[in-house]
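For reference, the structure I am asking about is given below.
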Amino acid sequence: MNQGPAQLERLKAFSDAVFAIAITLLVIEVHVPRLDTLEDAAYLAALAHLVPSFMGFMLSFLTIGALWVAHHRLFGVLDGFEPRLMWPNMLLLMVVAFMPFATALMSSSPLARVPEVFYSATLLAAGLLQLLLFRIALGPGRTRAEVVPEEINALRWRALTLPTAAAVALLAAPHMPGNNNFFLLSIPLLARAYAAIGRRRALRRMAAQTAG
Amino acid sequence: MNQGPAQLERLKAFSDAVFAIAITLLVIEVHVPRLDTLEDAAYLAALAHLVPSFMGFMLSFLTIGALWVAHHRLFGVLDGFEPRLMWPNMLLLMVVAFMPFATALMSSSPLARVPEVFYSATLLAAGLLQLLLFRIALGPGRTRAEVVPEEINALRWRALTLPTAAAVALLAAPHMPGNNNFFLLSIPLLARAYAAIGRRRALRRMAAQTAG
Amino acid sequence: MNQGPAQLERLKAFSDAVFAIAITLLVIEVHVPRLDTLEDAAYLAALAHLVPSFMGFMLSFLTIGALWVAHHRLFGVLDGFEPRLMWPNMLLLMVVAFMPFATALMSSSPLARVPEVFYSATLLAAGLLQLLLFRIALGPGRTRAEVVPEEINALRWRALTLPTAAAVALLAAPHMPGNNNFFLLSIPLLARAYAAIGRRRALRRMAAQTAG
Amino acid sequence: MNQGPAQLERLKAFSDAVFAIAITLLVIEVHVPRLDTLEDAAYLAALAHLVPSFMGFMLSFLTIGALWVAHHRLFGVLDGFEPRLMWPNMLLLMVVAFMPFATALMSSSPLARVPEVFYSATLLAAGLLQLLLFRIALGPGRTRAEVVPEEINALRWRALTLPTAAAVALLAAPHMPGNNNFFLLSIPLLARAYAAIGRRRALRRMAAQTAG
């Protein structure tokens, strides 16, 4: 049932707000050191001590940012509001809203295994819910007429990016806690690779159909 | 007095923002454990200790989410801005904004009676204000022309869901603190049942009028 | 220079977000009691101790809510974006964003004079900035064609509500700290009275011009 | 690739939300004094102690406000969504979201050198990312047809304001910690001066082309 553009707009607006709040609340978990001195060395030591928090902030900011960019891309091709999107989207937002906790836990002891596993598992949950959302949203007849099939297939494949990267980071977490997050830096490349595969496959299929 | 779509849009946007912030602030009340160790067991114990907080986060996220979905559904059928909606909506938002406190209180001691009663009572207040908002909003001549009467009646009945579930949870709270929240899991089913009743009743009434 | 509706929309959206965040952050300053007991009496005592915080939350929620309703009403009659509104609006938002601090200070010791004076003074600053915003925004030729002059004058007078109520609360604060806030409950009545004066005066002036 | 106005709207909405949240979260870092007395002197002393926090709040509010005003101005002249804007914008938002931390660090010890350097460096990072965003966004053929070339050039030059002011404040920070922030007060004047230069240069160039 297509309830028209106003309802879709509002779903986007609500999602945008949750993404924006979660991404901005990350900073609250970076605790401000309160020192009773003016000495440079004391402040530099306190800031050095916060480096894992800064890195956790940046990592989660960019990951939530990537989730939002993907959400933006997905809803940019949809034709109208689809009530079936409502709850998968809400569950995705729930995991996004939970990210500040997982980030702070990880940053508080970046070399411990359990916090790293917990963080990667949270990202994996976000990735799988995003994948589910993409699968439901990109069903037949739900995209705007001018969006070509290869772009839709590129989007579908692209949604595998976060699940893949988070799964690798999760598997690596017990063995190299802290460093396992470097796998997340592959996200931009992975996204491009998956999109290229999806696009090529759609084109090949269409070529086969035309030829057949 | 119908002041047109722009004013309605802005009321929706403001409401969306309050819902989104309240739902995302829930995580702030889940306090991050700070441990001076790398041992798995210590972290697992700390996380196990937080299970009530995680469950409170999820329960309130889904409940506020359901309130937002209902709000979205209601405003999707309205025809224009109605100033009389302003303050009932503001009071509903006030209770929604208060939810992070009620959730944190409940999660801090999930087997105590007073926090559970307090939490259920907060939900009941939200449910009753939502019911009031629906009653005012769905008055005659306020819905868009293409919305059929049985859908309006379904919405009206559906607004009984949260008051019912919260009232049962409130009555059960002193007797089975903590477990009383399981009644809230009936919300999706209850919503469907109430909507079906409302729809059937409207159809029966219309059939009677046609026959009469 | 009228830069068109898109720029006005965005100014509204940004303002809505700041209002919504400030109003929802109020709850963060209501600190959750953490008790190591299941006894009802201990929780009831802790909640009783929080009554000033609950009242501060409600008072500030409703006051910020009223400021937002007035903002919504004002921008509902404007014709387009006016860059001169930008900074008075930003200053108003600054005071609104500061409200959680003033509220928490007042709630932490509701019978002390300085926090009450501080709170009332913050409200007075908000009221005066709102008045300035209304004066600039409602200048000649800036409202939509269908808005009648008596409504514009009603809005102009209505903007005196918060400055009046806050000034009275401020003057009373040193003499009856805590109770001075009851004067703020006159806001709904005062708003109606001022609007009626503004409307009547505009009609009388127009009648005089027609007769003259 | 121009993906149309809906995608641009959503990028603005998300950015607005991050700006609004960061600007409103500033107040959370102003810690409410909790005193067990009703005496005026104790409260006045506690408030006096918070003056650096109040000043930090105002300074950062106005600076983030100025960043938002510039963002609003920039996106007001753009013609459509340009995917290349996405990540520079996200990085700018990341620094904006980080501002509450930098502000709180600076306010906690306003005469220490390291926090002041850290704060100015954060502002400089925001300024440089904003400059990058303006350069990409104002490329040829990306602005609406009715926007005259001298206005585009004024915007381009105007984007030098924050980098200039922040660089001066950064250089001065080690020598006059605390007072170095006064250079930021030059932002309104500097913005006007740069805009005037940009406008004049564009007009001169066009005059030369017409004459040539």
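Chains: A, B, C and D, in written order; residue numbering restarts at 1 for each.
In this text, contacts are C-beta pairs under 8 Å (C-beta built on N, C-alpha and C of every residue); 3 or more make two chains touch, one makes a residue touch a chain.
Everything numeric here is computed off the predicted structure, so don't read it as measured data.
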For this session: Note whether the interface between subunit A and subunit D is symmetric in residue numbering, meaning over half of all numbers used appear on both sides, and answer same or different.
Result: different
Exercise. Roughly how far apart in rotation are subunit C and subunit D when fitted on CA atoms, stated in degrees to the nearest 5?
Worked result: 90
Problem set entry | Inter-centroid spacing, subunit C versus subunit B (mean Cα positions, whole Å) | 27
Exercise. Roughly how many whole angstrom separate the Cα centroids of subunit A and subunit C?
Worked result: 38
Exercise. Do you know which subunit A residues sit against two or more other chains?
Worked result: 13, 17, 21, 25, 28
Exercise. Which residues of subunit B touch subunit A in their complex?
Worked result: 12-13, 16-17, 19-21, 23-28, 30, 32-35, 37-40, 43-44, 47, 57-58, 61-62, 65, 68-69, 72, 75-76
Seminar exercise, completed: As the complex stands, subunit C meets subunit D at residues 3, 6-7, 10-11, 13-14, 17-18, 21-22, 25, 28-29, 86, 90, 93-94, 97-98, 100-101, 104-105, 108-109, 111-115, 118
